[in-house]
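Following are the structures in question.
In the two complexes below, chain A is the common chain; its partner is chain B in one and chain C in the other.
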Partner chain A sequence: MTSENQAFRLAGRGVVDRSKTFSFTFDGIPYEGFAGDTLASALLANGVHLVGRSFKYHRPRGILTSGSEDPSALVELRTGARREPNTKATVTELYDGLEATSQNRFPSLRFDFLAVNSLLSPVFSAGFYYKTFMWPASFWEKLYEPMIRRAAGLGRAAMEEDPDSYDKANAFCDVLVVGSGAAGLMAAISAARSGARVILADESFAFGGRLLAENRTIDGINSAAWVKAAIGELSSLSNVRLLPRTTIFGAYDGGTYGAVERVADHLVKPAPGQPRQRLWRIVAKRTIVAQGATERPIVFGNNDRPGVMLASAARSYINRYGVAPGRTAVVFSSNDDGAATINDLANAGISVAALVDARPALPDAITARAEALGARIFAGGVVSDAIGGSRVKGACIIDASGATHTLSCDLIIVSGGFNPNMQMTTHLGGRPQWRDDLAAFVPGAMPKGMTAAGAANGSFSLASCLAEGARAGSAAAADVGFDAKPIAIPASDEESNGISAFWHVDRAKHKAFVDLQNDVTAADVALAQREGFSAVEHLKRYTTLGMATDQGRTSSVNGLAILAQLTGKTIPATGITTARPPYSPVSLGALAGEHRGKHFKPTRLTPSHNWAKEQGAVFVEAGLWLRALYFPKPFETDAQTTVIREVNGVRNGVGVCDVSTLGKVEVHGPDAGKFLDRLYINMMSTLAVGRARYGAMLREDGIMMDDGTAARFAEDRYFVTTTTVNAIKVVQHMELCKQWHWPDLDVQIVPSTDQWAQYAVAGPRARDLIARIVDKPFDVSNAAFPYMAVAELTALGGIKARLYRLSFSGELAYEIAVPARHGELLMRTLMEKGQDLGVIPYGTEALGVMRIEKGHVGGPELNGTTTAADVGLGKMASKKKDYIGRVLAERPGLTNPDRPRLAGFRPVDRAARLRSGAHFVGRNTEPVAANALGHMTSVAYSPSLGHWVGLGFLSGAETRMGEIIRAYDPVRGEDTLVEVVSPTFYDSEGARLRV
Partner chain B sequence: MSNPATEAALNRSGLTISRRDDVAMTHVALRRGRRADLDARVSATLGLTLPDTSRTVEAAGQMAAWAGPEQWLVIGPQEAGTDPSAALAKALNGVASVVDVSDSRVIFRVRGASAADVLSLSMGIDLHDKAFKPGDVAITHASHLGVMVWRHADGQGYDFACARTYAVDFGHWLEDACSKRGVFA
Partner chain C sequence: MRISCPHCGERALDEFSYLGDASVTRPDPAAADAADAFYTYAYERRNIAGPTQELWYHQAGCHAWLVVTRDTRTHEISDVKAAQDVALERVNSTTGAA
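After this line comes the complex of A and B, so read on.
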């Protein structure tokens, strides 16, 4: 295919690969472009300028820039699950088969029904939603907001799950160079030659920055050819990592930078195993910001029309992509760089109808060149308005004398000067400085280790970019200990950089846009100022100026300059809004990386997991753990049936439950007992060797933190258990106490949760089973190994083991532990040896039912708001010692006798079901919040009692025993009469424990 | 390894991944003011000096790795039928708290000249030769999993000690990380 359908492609120009033709579609129409094109350059090559409709007014929009700052060339890329809204056509790398669609238009791009919004613009002016849609308030949520959201907006996100994968990566370097234009390349080369580890990142798919976009000469060769040689050298060095398609989006503490690499955005879909994007965390000892500068438009009437283009962008399209952005141009500038664009236009065969420059006098060379091209020259003039709708048809010019001229053209090239891209220098709080000579903000004080070079530092000429980059590179490398020698600065051709600050044509007849993406006009800025929003940060929020996805890179400075004019202040006195990360949008997929779906968090597996899976256990996620919830038999159709069977199996025979998830901590040392005395509310130093004790610990504020047991295996060796959920928190608490509160105590803490497979063996036949597991001659009789005894022994024929006579179920029970690698063997052996005893495995559901029957508190009761007294452990608190939380537990609010206390509840109608979360109110009291007496926290159907039982907190519980009250559940619409009883429903004397 | 793609990737980069299930691991924590005694007894028992910085030291099949201020992991061969830490507990009685943690963690081993190159992408620490030398140890994280890692004395690989209950997830991460293409390769 020849380029004849690319009617605006220029012969012999640009660095695109003309041997590779790519087909693509825009709004369903097929086009062609070349490898090395962006979507924007390929559209322009085909004469397409109209690419979208604007956010609020649905105005036709085109391609203003050639970079990531573009406010208006936003399209939807791809279709289906890969549909990606608000993609900038100016940075989207063209690929074969690309599908793009215009946004925010109905029914079509050329005819948009909601363009009528433009006629309603008085309604949609700055702050309109604060004023227009205030009353009645109830209309906001149901009517106004949905209406505004439908009318205003950009692309549509995909509705399906993202089919691609995202990756995260880390990198470390001596010198990070951000941007690969003249300054960046020189910095990278000078640092790399010293041997420093260098990372060079550029947001484009091609290195070179403006060197590709300008027709310049370096060391006697064309600038694009010079780039090729420079990249050739860098890629040959093993200490250099080149990251193309990578945006450094934020600077963080300690020399850390966030970056996103678009690994496969330029492919129809990623190759198998290839991530779509990769999130980099880069830690750099030194960083050189060489991100260049962004040209700013001049604000004039209809300055948002397709065909209005920044001068630097026009040069990019001509010189890098070989594309003519029009046939006849009017150039409107305030500076030499913009005015000199007439050279590039002429070289591309574009006729220059006029050069309009706000400055009363132009450099002779430019005037002479314009005359030679036959262009009309309007020194001291302005373009007041663009003419045309979906494409520029002409320009309305006001000359220095005030006379108006109308010229035909299809392109208005505009340049108001450059703003250094110094966003990164302010991410950690740095403030930019204003320079009058440049009419621009430049980086101020930068974070440690960061410097800026070249245009990003306000040094706009090619010669200064090359020199400053080289200096910055060797200085950075030398700073971190490399012997960096100065390198030769290549020669470059000359240029002039004169500028006179000019922002806004106040004689415009039409809407003059400051922020194209958020549809903020010069009139909106004036309105905000009149209404008192005359600080930049207020202006920004009231008008939304600079708050769009382009971060206001083409609009912020213009907006504050207009504000400064209106308030009569200088620009530095007006100030600039703070740029924050990200520099350009980052997809959520990249931030999530591989941590999605089941990989959102790690999964912890218990030692008996594989065995439980074989048994067909149903698992539950408990924090990071997967635990067996219950073990259904093939004939059991509902969970309740299974759980009842498991509870009965334990209460009448013997059952085994994996309790390895409980937190386990070795606490050793001569002061271990003293240490635990200070942690627990009860005494632990008096615990005899070979015994365990239940304990509770408080937070500093006197609220219950956790409960568990402490076992003492030797004078200086305790073994502490915690609840599953608090395992890590308790260890952190212990470490804080040891390292910070009581560094004088000789105590050592070793977390050991993962070391032991620990199983509860419970039920009247538990002893029979345990006797078959432990090695002889260990005596498990009640006399030799009573309730709360512990021992270190061997089991299963020589395997190191620990045995604890603890019971959570209320039955005769043991917990037996072996090193975790033997956990599966222990479980299989228990099942095998207990077959004739009717042994069953039971899950956490049966465990929970039995603890409620016994009135043991669990997570719903230890909920971060309850005290030891609230949960019935008040008497456990020692009066003879100090411990964490003791003082604050004495606060009047926590000792108030009316506080809801733990009690048991059973339905008066024994067939009734109880609900956790139900509120307690008196029997004859209205169920309103003011009458609430507490609430139900845990409920279960008790197989042992044959009806539902509940635990909960009730005000004045001790005096209400036997009282009938209402358990009122407005959420489920239930209202049940319950009797207040002791929380211990089953074996209240504890006789079954001690047999 | 779990799938052919992973295996192919490991072959390509010349890496092997294995699990060291045959080792005994003992946590040794200094008792207050007993450093000189501890050093003497460790020297007599294991023939090595406990490091004060994040390093490993090896002698006669035993390795001691710095595991935090005043604490170390001693790693050696596991002998069937014996309590792996009993001998050390006896030798260091009164001067250190000694806890068997052989089953607390699972050690994964990655070997191959390109290990640093491949793993550097996925690790939160700098694995460059200048930054993480042979014998260096770090307590860090890999992906979202906590891990202790040390570099082999010959520089040709790494051991990763991760909590046992996370080992399945960790193993998947490690295979995944080692299957990525290195950047300097």
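After this line comes the complex of A and C, so read on.
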């Protein structure tokens, strides 16, 4: 195909690069366009106006605008995993090989089966979700909802995983300029010349905004050429960062702005290593909103037909892209800017059949020009309806006297005035102000550091945009301490900006659309008002007006103006709905960035992780950590077999478990003991140097926070451990206590979880193994290093180490710690030197089984609702001192003897299996909630006892010892008789750990 | 939102975590009305529309607790102090009075 096929391309116009021809397809048909085109301009160059079907009624839709506000030119872009629905053709940058497909049509765009919805429109009117399909209720899920979902809706999301990567970046600047039209460029230049760090962002791939779209003269040269020079200057300055293809989508607290840079959306796919999009967080001391204004349509019959186009869009296609959007136009306006479009149409060789303007009188210059072009002039007239289906064929015009005229045309150019793009000024709660002279809302009070300039501020003329932008730029720079001098304002050609508010042709015969994307008509607005939804926020939600991905940028003000007419109120009294981020859609991929799949959160690996992997360990997530759950042998087919072997290995020989994930904290200082006394329920200041003690800490409300051990290495040097999952929380709590509650205590807290690799060495042969690890002459005998002893020493020939005689398993046990970098060496050496002792590695599952056998509480018992007394630690609480949580732990509710307390449970039928989560009820009691006595929290098959054992909380546990009760589990349909016993099932005297 | 840590400078919100009202302090556990005072301290917190003093923790920074004066209506932060300095002042003034 050659460029002759671009039959609507205009010779010698526009800023597209005609030396670069791009091929693309739409619905499988090949077309050509040029570099610098959007998909919309390239389609129009080939005479394609019909691009999709609408949301509810499946009406044919075309290209209304030339920007990110477009409500109707939505297509599916790309295929397969990269398929992206609801992409606006008006901002999609054309690239060679682009594939686009129309949406929401069946079986084809031109013949749509579900266009019958249009005939059913009474069913789909405002609030239909709330009123129709209500009966019978069971039909909703099975019939109505699937039917509506099939009939309504837009594009299809890709069903495969997104193959692209997304980047996140931060930027800081003195002045952020949003938008690069006349005001934005002048603002950026004036701020940049003072030396301020400037970021200039524009959502388009080309800087210049409307200066590219209008045929204007600045300082004697064409406006597009002036842009080139301005960008040339800015890109030569090292204090300026230019961000094209970047939408600033939201304003946040403290001068923070969210932005998406479409890094590779103009390529078939990103280059290797290149992100598709980049999410910027920009922190700006000052921000200038120069996002221009959005033209609003006039609401008339069939105003959604392909071929109805905003005047500003028609000028964009002619002047920026060199494309004629049609051959014969009718212009329908309410303002000078729209009416003046006849000049651009004439320049492009498009014949102007008529100029229809709602105002009774037009400026002489426009009238004279229209007459010269041979256009019929209907001052005080309206276009009541468009004629045609999948393309405009004509216009019905009602003149000032009420007479009807029908004219042939393939293009209806419409302009109802402009709405400043001031969404960003309201993101933090600001309210816009109505200006009668502009018939538009303009920014009201703005967040600190933000100003608006140019059309975004309601200053629509080119001269005022240039001047206001320059002023805003130097003011912003001066505000943050730069010596910003006023810069010369370039001269621009003259224009007129008269407007008379006009919204809606109430004499339309056909459906007149307010919101094209959500298919909301003027009749829907009237219906909502009749049914009492006459507050703007109610109107919005009842009709869904303005709730689509276009954020109602072409519809909101029209909708509320129609509502105002119906209620007899003024527009400012009617109010405006709140604009919230994002300004235009942001892909979830960009928001997620690298945080997807396994990278959603960091994975922490222990120092000997690779060793465990080599052994074939099965891992489990514990907080952010990966811990070895168990170490299956090749011949072991189920986890239970492995765990039983590991438990027996420890109880009869020696095993090693990686406990490096335990939280570790150094607590140093003359007041360290006093400080820990106030944190733990038991005394720590009385702990002897060289000893460790188990401790529990509470929250201030009296509930258990965490447990662990405290070891004392010197008078002023403690080392405490926390549970794996609470490591960060406990340090935060300690810092709060130190800095906020007791700032006068002389104590320092240093978290050291990552600094130490730590291993539990447990079992009757543990001493034999430890003796081979620690350096001589350290004596590990029971007499020299008894239960609960701790020491700093060296191991493995001079490596700094710490040895603790602690036991979680209930066996003779040690925990030995070395600096993290030696962890793997220590693990390998333990395995090697313990070979003849039968040493085995064991995982957290065997650890868990042994702790249940011993009746130690773990995560399921410390569940944020239990007190120290509940978990059997009541006697540990000191009466001699205050500590966090003491006062509230003594509340009557928490000391009530009927509270469920920790107990052990064993099945009466020793072959029966226990289940955590089962509820306890009396043996002869009905299993209903009112009779519940507590529940099972942890269960395990005990290899040491040969049957299942459980821990749980039981009301009146102390008085029920030996009682038979029911463990009732309605979820699994089980009902098991259990005997209430002590929670310590194994070696209740603790003889094994003191040997 | 951005918070100016007295030790680290101005940082983004995601470096910090929030605790709650900094205008209340842990009551005297030895007082006769300690049970009521702790109950009020733990549970009865005000929900102010306007400037509030809040405790924030610089988790991803220096581990300092901060007293941040923030207007809950606008999120404007008018003052940030190290909590330890505020607490020391409180302790010293109490000691002075006693």
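To be clear about the criterion, the second predicted complex is superposed on the first by the 984 of 995 C-alpha atoms of A that agree within 3 Å, B and C clash if a C-alpha of one lies under 4 Å from a C-alpha of the other, contacts with A are read in each partner's own complex, and residues count from 1 in each chain.
FYI, a contact is a pair of C-beta atoms (placed from the backbone, for glycine too) under 8 Å apart; a residue touches a chain by one contact, two chains touch by 3 or more.
In this text the structure is predicted, and so the values were computed from the model without any measurement.
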Touching partner for A:Glu594 - first (chain B), second (chain C), both, neither: first
First, second, both or neither for A:Glu700, with chain B first and chain C second: second
Chain B versus chain C as contact partner of A:Val283, first or second or both or neither: both
Chain B versus chain C as contact partner of A:Gln755, first or second or both or neither: first
Which superposed partner A:His741 touches (first chain B, second chain C, both, neither): second
Comparing the two partners chain B and chain C, which touches a greater set of residues in chain A: B
Touching partner for A:Tyr252 - first (chain B), second (chain C), both, neither: second
Which of chain B and chain C A:Val887 touches, first, second, both or neither: second
Touched partner set for A:Thr641, first chain B, second chain C, both or neither: neither
Partner chain in contact with A:Pro670 - chain B first, chain C second, else both or neither: first
Shared contact residues on chain A - chain B and chain C: 170, 281, 283
Footprint of chain C on chain A - complex, ascending: 170, 252-256, 281, 283, 428-429, 448, 700-701, 728, 731-732, 735-736, 738-741, 743-744, 882, 886-888, 890-891
Residue ranges of chain A in contact with chain B within the complex: 167-172, 197, 238, 241, 273, 281, 283, 594-595, 601-606, 625, 660, 666, 668-670, 716, 746, 748-756, 798, 800, 819-821
Touching residues on chain C, where the partner in the complex is chain A: 1-2, 12-13, 17, 19, 25-26, 29-30, 34-35, 38-39, 41-43, 55, 57, 59, 63-65, 74-77, 82-84, 87-88, 91
Parts of chain B lying in touch with chain A, wherever the complex brings them together: 5, 21, 27, 29-32, 71, 81, 83, 96-97, 99-105, 120-124, 126, 128, 131, 143-145, 163-166, 168-169, 176, 179-180, 183-184
